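Below, chain A partners chain B and then partners chain C, in two separate complexes.
On to the complex of A and B.
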């Protein structure tokens, strides 16, 4: 192994160049971490999906509603234990920039079908007993500084009230989902409350149900149940498409395009660009140190040592830059989590992202250093000593 | 006496090919140099002086012939063995000093000791002593760029002797120096030869520099010319 002091001092021979290269790498690794983390957020819902839940939606589109009457038919299918309606409400709090997810649902069934949703404040009885009540996620409560007992005025986007007023929901509880498949920035309220408002003419909006979530009995065959559901409604009035929860989540991710490919392309491009920049730096450094390499070899240092000297410089340079980028990404985690808000709920730098950043850093270090290191190893003493360094 | 001979060269031939033309730089050279001797290699440009020095120092290989240093046939050593032998047996002093610009004088001198089993403290002690020997104890924390040419060459000499090698090979050690600095370097080499018993082989163009050697070997077109054995009257003498 080459002496670390020599590696370090040679690296700092051109401080500005080394600093700029390390800074470029830091930016690249930081970007990689952020992009990868966005992908992790998008995929976390898929990974955390329950295997005992199926989603029934219109085979035409998610925006085509299913008849209410389907609920009873679904409950009778063998293997189905519980059915929950989910209706996208599409409103916002005070102004459009405060957009967040709201769902009208069967509140009692919600907690049964989604055991990961835990009430951390308030009570289920209070929520179940009042049709105007709602529960909100812990993140949302923190963001809007809401407490149990407060009124949450929501302007209905998809279901506007005919009097032009916002929907006033009383917060009966604050929940926290222990799994990322349920966002902690969501409001749940009584589906019956919405239905009655539509029936009485107090609000406008599409009738029917957005999706039905089925919880299966233990040991039930998911594929068979899904096929049964779709066969049952094959004759209409609305044909259905029944998927697992993971497939449903994946469908959401793919609605904004091929995100993994998009993120992978940008990340890959950034890494290749920085690899070329680092390689250029290392080639210049190797050329400047040619005579030193000749001297080292003449003094008795072996080919392997000079190989290590060049590779060590590359690894150290990329190591400093990569660690810098990683530290920036980790220290800005909270900032980005708040900035991205409900668009990417649960943004965080996962352990796997850290590992990937470290691997990318090491890979750049090796790839940028291997060519100059091999050249240094191969160089004859005389050729090196004759060079004009 | 066979024991007194440190360097034995037999039938030594070296050719280079440049621009499609083969140049015979050394032609069946045979020479013996004694342990503890101070030799100056002289001759016109292209006579093969530096090539011979490089072959004896094990940083180049001969096409034909035998180079035996202290009884070791260099042709039989592979690259790694040759590197180990160089580290233990040879100290190089180059015309252009060839110090590491990023290291201090002390660190430059310490460099060959990294190949030994010495501890860091022992390495520092040895390197400091070598710098003291060359009269640069007060410059040990200076980088080459902060030293004069003469001082740089003295650091290079300290680096050459720090591992206590048998043989010191100096290629035009005064070539880049003014007269005063050159004189100081020659005095130092003489001192190393006389007081520490180092065998010195010095390539030089300068007849005045060659005066300090006890034996002057003349080369001409790769062949051995006359050999002058003399009682040095030069520096330090």
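On to the complex of A and C.
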């Protein structure tokens, strides 16, 4: 019966050394989890995109508006079930750094086209009936301490009011999105409220529609519908670019830069540095235990057992360190989620991240322990007993 | 007080080179990451801040946070251009003022990297007079006013498709021919410039986004800012071009700095643990030597200082190695999306002496933190025990 307790005892012989190695491993794994989670957040918006929605935007620029007349034409295209418009409002609450998204939209169609947006407080009828009403995300309601019935004054950045006052919206509902592609930090209000204000001269700003979101009929061919839309408007007045929702989200992510590469290279560097450190510890341990291995073999324990004991020490050490790092990452999840609230909404440690952390830990354990373990296996009894220190 | 000779520490480091290298690499990796991220941040901010002109005033619509938000109708822009008395004139008596329209348009990146947003600026001929020698042409010539020609900033020309001399860029339904590539040390080298009338028409934006002007030397700046803010006809927000550019970079710059600090701290902690580990092992292996030193008459604090010095040396070496690893990045062109303006900006990594100095100081600190405990242990050894144990 292999003396498993030796694995444990040998590590504890040099408590400080083992602790420090495990600690640096914990820090490294923690960092990897955080970096990986940032990546996951960026990708999650893309992954959760609906497959039955298309986004129609100007092919020239994100900031160019499409004529309103396009809406009727889009509804008539075969395969399109509903059309809803989204206009980026570009305002802020109290200070420019309180940044969040606001959209003017066709409210009656909004919930149909986006079933993942669910009202947790307030009612749709109330929202539809009052032109000055708005709904806000649950995260935003929490952050600014707002409730149904409160007024939310939004200072118009892109659409300033001519009287210099903020836009006052009455909160008719608070929504919660069950999927990460719509965050809980957005304000939606009536598009015709904005339009009437522009027409009457109460506000200034670009006319037209920012993007149209198309909800497709079940079984419609996305590619064909997208091509039809772009062909329809190829002659102008504004050429369009129609993409799936996933591609639309991806366009924002790719604009941030080559994040996967950046994260990957830092992660790789950290892993290599930690591997070297752990390997060093294991080699030192092996050197010290040369005599003991000789004794074990003389007593009759097999080469394979000795190999296992050595590798076991490495795996135990890295296992403790890795799990420690994972625990730190998990317990700090809430902290980071709040810290990165608006920039990286929905920060969380995904199951894949945990799996990757475990794999990285196991890999380091094996790689750091294999050389000492093989050496221990091949060690002849006489050489081992004869060695000094 | 006799200090342990430096040669002892130095030679120990050389003799036990595997541990030395391990510790140095750990610290070097941390320093490399820190310097890399800070070089990115410096490259980005210096592009904007250093090149912003103090003598060029930028008029934006009141309440606008950037050019994209700001809009002046033609009439209002004309009023600003013609009536503000502080605007300087050149020798020929022309007012040094220009109105520009601005839009971020989609272009494909070269090499199939996807799409990006690129700033297009419609300018009047006066813009070139105002910026004078800041803008020079490396290829081709300037565009002819009133025609469908454009010029492209040199940095951008390499990063997007269809931007070389003689090629044609299409904006909406109108084709524009690239007739020149220009150099600018600041953000304009990531922009496409064309005639304001033709660009507004092609993009269907009949408004101007900003008015720029050179002001007379004796202008009372605070008074002018206040007056324009309360102007009844065209209330505007007034900034120097430098202030404007600085405001456009603050968010991204902050994010990069925060990222750099975060990574440095986390990796630093791991590096310190590794350093302490290796030094503890080194001390354990050198127990006999320490015993000899102590019994020779060196006081404990000399031993402590000696080992702290060794740790400091390790830190500094780690810092230098880390800096050397990242130094080749200096000057390498890269690009990023400035999410404040939502446009692609091309800039180069910039490793400044301050960054290097700060990084090496940081590395030295890591070394000292890592060496504190081992040095303490070494100093507390009793000579007889030490010589017996080894």
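Basically, the second predicted complex is superposed on the first by the 387 of 389 C-alpha atoms of A that agree within 3 Å, B and C clash if a C-alpha of one lies under 4 Å from a C-alpha of the other, contacts with A are read in each partner's own complex, and residues count from 1 in each chain.
The rule we apply is simple: contacts are C-beta pairs under 8 Å (C-beta built on N, C-alpha and C of every residue); 3 or more make two chains touch, one makes a residue touch a chain.
No experiment lies behind these values; they were computed from the predicted model shown.
Novice: Fit or clash for chain B plus chain C once both are placed on chain A?
Specialist: With chain A as the common anchor, chain B and chain C both fit in the superposed model.
Novice: Mind working out whether A:4 is in touch with chain B, chain C, both or neither, as first, second, both or neither?
Specialist: neither
Novice: Please determine whether it is chain B or chain C that touches the greater number of chain A residues.
Specialist: Touching more of chain A: C.
Novice: Just to be sure I read the superposition right, which of the two partners does A:300 touch: chain B = first, chain C = second, or both, or neither?
Specialist: First partner only, chain B.
Novice: Could you tell me if A:381 is touching chain B, chain C, both of them or neither one (first, second, both, neither)?
Specialist: After superposing on A, A:381 lies in contact with chain B but is clear of chain C.
Novice: On the A-aligned overlay, A:12 touches which partner chain: chain B = first, chain C = second, or both, or neither?
Specialist: first
Novice: Which partner does A:335 contact after superposing on A: first (chain B), second (chain C), both, neither?
Specialist: After superposition on chain A, A:335 lies in contact with neither partner.
Novice: Enter the shortest inter-chain Cα distance between chain B and chain C once the structures share a common frame, rounded to whole Å.
Specialist: In the combined three-chain model, chain B comes within 10 Å of chain C at the C-alpha level.
Novice: Spell out the part of chain B that touches chain A in their complex, as residue ranges.
Specialist: 54, 57, 59-60, 79-80, 83-88, 92, 94, 98, 100-103, 107, 111-112, 114-115, 159
Novice: Would you tell me which residues of chain A are touching chain B in their complex?
Specialist: Residues 3, 5-6, 9-10, 12-13, 291-292, 294-303, 381-382, 385.
Novice: Which of the residues in chain C end up touching chain A in this complex?
Specialist: 18-19, 22, 25-26, 29, 32-33, 61-65, 68-69, 71, 103-106, 113-117, 171-173, 203-205, 255, 263, 266-267, 269-271, 273-274, 276-278, 280-281, 335-337, 339, 342, 344
Novice: Show which residues of chain A lie in contact with chain C when the two form their complex.
Specialist: Those residues of chain A that touch chain C are 16-17, 20-21, 23-24, 27-28, 30-31, 59-64, 90, 96, 155-158, 160, 204-206, 235-239, 241, 250-251, 254-257, 266, 269-270, 272-274, 276-277, 280-281, 284, 343.
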